[in-house]
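What follows is chain A paired twice: with chain B in the first complex and chain C in the second.
The block that comes next holds the complex of A and B.
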């Protein structure tokens, strides 16, 4: 699993490539902990290249979202594959986390 | 021979590094069955991953590292997965899983169990001195649903 980040109009886009499971979820958590320490507050998590995510991954996303909100920031999700999007919906995560069908839509939501 | 179930099985150490291998087993089995759509395949992988994660993180707690056997058998109507371990018994069928209505904050601690119940159509569990067996059934899309445990 790899994590790549880049800036777009003042918003940080973090792209995960691969699977987020109980083994790799800690790596995602650590990556975001570093970003928060560096002062990043508006972050989009691009899920388009995530081929599998388990509950461990969702828990990390929830934790990152909470930590960002406590510091006045926000995490938004983009382009989840249909099975991952289904997990987000049936667990109710989409009631507290904004999830967009595309990266462009997620980027646009921070500009409005 | 038409109608004959095909079985795939692997044994791996009860470590998180083994999770990818268990998911790969499910993929290999599903590759041979065109009736599996992407969601059904993912549901199977998720149920297996969550169950094996629980075994790895809790089943062998305070014990010498053990192993997990995962087998999948694909019949005409369903895929039947058996997950066997030799650690502490844990019976997901006896624990009331959280429901969607409880909301994400409430189900966070039991999210893995929640997804096992959401992803599998039938769940059964048997524990004996010979080991703990979790049985998961996932129906193929549009299959007739007689009880596969009988």
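The block that comes next holds the complex of A and C.
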């Protein structure tokens, strides 16, 4: 599992390549903890290259989102593949996290 | 083989014939030499959890569940119950309302399980039902298997509630369509959860279709709400298997067994590499 980040119009896009599960959740958490410490507040999680997400993965996304919100920031989700989108939907994440079909749409949402 | 420190549970939710997908999962696990430590079943899922917990082979499980769950179980109307809806005061309408005579179902259950009890299962089994009078979840872990299964699959309006002791019980899906919490409570670390959302009919053209549609909406939303909480509450890992069915599989479409089992096997194959890695890592 790889994590790559890049800035776009003041928004940080974090792309995860691989699975977000119990074996990788710690790495994801640590990565986002560093970002928060560096002051990042508007973050898009690009899920286009995530092929699998388990409960451990869901929990780390929830923790990241809550931590960001507590500091006045926000995490938004973009481009989830159908199996991951299904998991996000069935676990209620799409009712409390803004999720977009494409990265462009997610980026656009921060500009409005 | 299962890592000694990690308790592995299989939770099979409600879903009637779709629950047979769990047999596909089981075939995959058997081939990989992975043993389940704990079984939890709800409604239709409880039938499959029970045959697996008894330690039957995949082929025996398929034969037993095929003979148990078929259209013969809904063939006979419960005319007294139907008349009670028209003359409730005269004929005494009560909580044991059910439009279908449950004797064929009971005969099938008894043929499949006889007098077998929970104590005869090779691994712990927990079956979820709903207390009709207060809406609370009831987890059945002892006694006759037939009683527990009859209670858990008491689909409202279809079959009458089932009494165990002083509790009047109905379908477990009314309280918890995918009871992951029972596995959490019993100390499972890795939980394989196989759940099924109810399909929505394309057209609503009868009162029964309307009732089914409303019931599906409520059950699906309940599944999602509980699932959301359980995912966040668990300290370790839940692998959720949601087999994709590209055609409708209705309540008694038992001629779709092979198709459903294949879909379950496919969903399991996709998760198997990760499950094996999880089991190999230290607890």
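Odds and ends about this structure:
Here, the second predicted complex is superposed on the first by the 112 of 112 C-alpha atoms of A that agree within 3 Å, B and C clash if a C-alpha of one lies under 4 Å from a C-alpha of the other, contacts with A are read in each partner's own complex, and residues count from 1 in each chain.
Assume contacts are C-beta pairs under 8 Å (C-beta built on N, C-alpha and C of every residue); 3 or more make two chains touch, one makes a residue touch a chain.
A quick note: this is a predicted structure, and the numbers were derived from the prediction, not measured.
Superposition of the two structures on chain A shows chain C clashing with chain B.
In the superposition on chain A, contact of A:69 is made with neither chain B nor chain C. On chain A, the surface touched by chain B in one complex and the surface touched by chain C in the other have residues 19, 21-23, 52, 54-56, 58-59, 62, 86-87, 90-93 in common. For chain A in complex with chain B, the touching residues are 19, 21-23, 52, 54-56, 58-59, 62, 82-83, 86-87, 90-93, 95-96.
Across the complex, chain B meets chain A through its residues 16-17, 19-20, 23, 38-39, 42-43, 45-46, 49-50, 53, 56-57, 100, 103-105, 107-108, 111-112, 114-115, 118.
Those residues of chain C that touch chain A in the shared complex are 195, 197, 223-225, 227-228, 230-232, 234, 236-240, 242, 271, 274, 277-278, 281. Note for the complex: chain A touches chain C at residues 19, 21-23, 52, 54-56, 58-59, 62, 86-87, 89-93.
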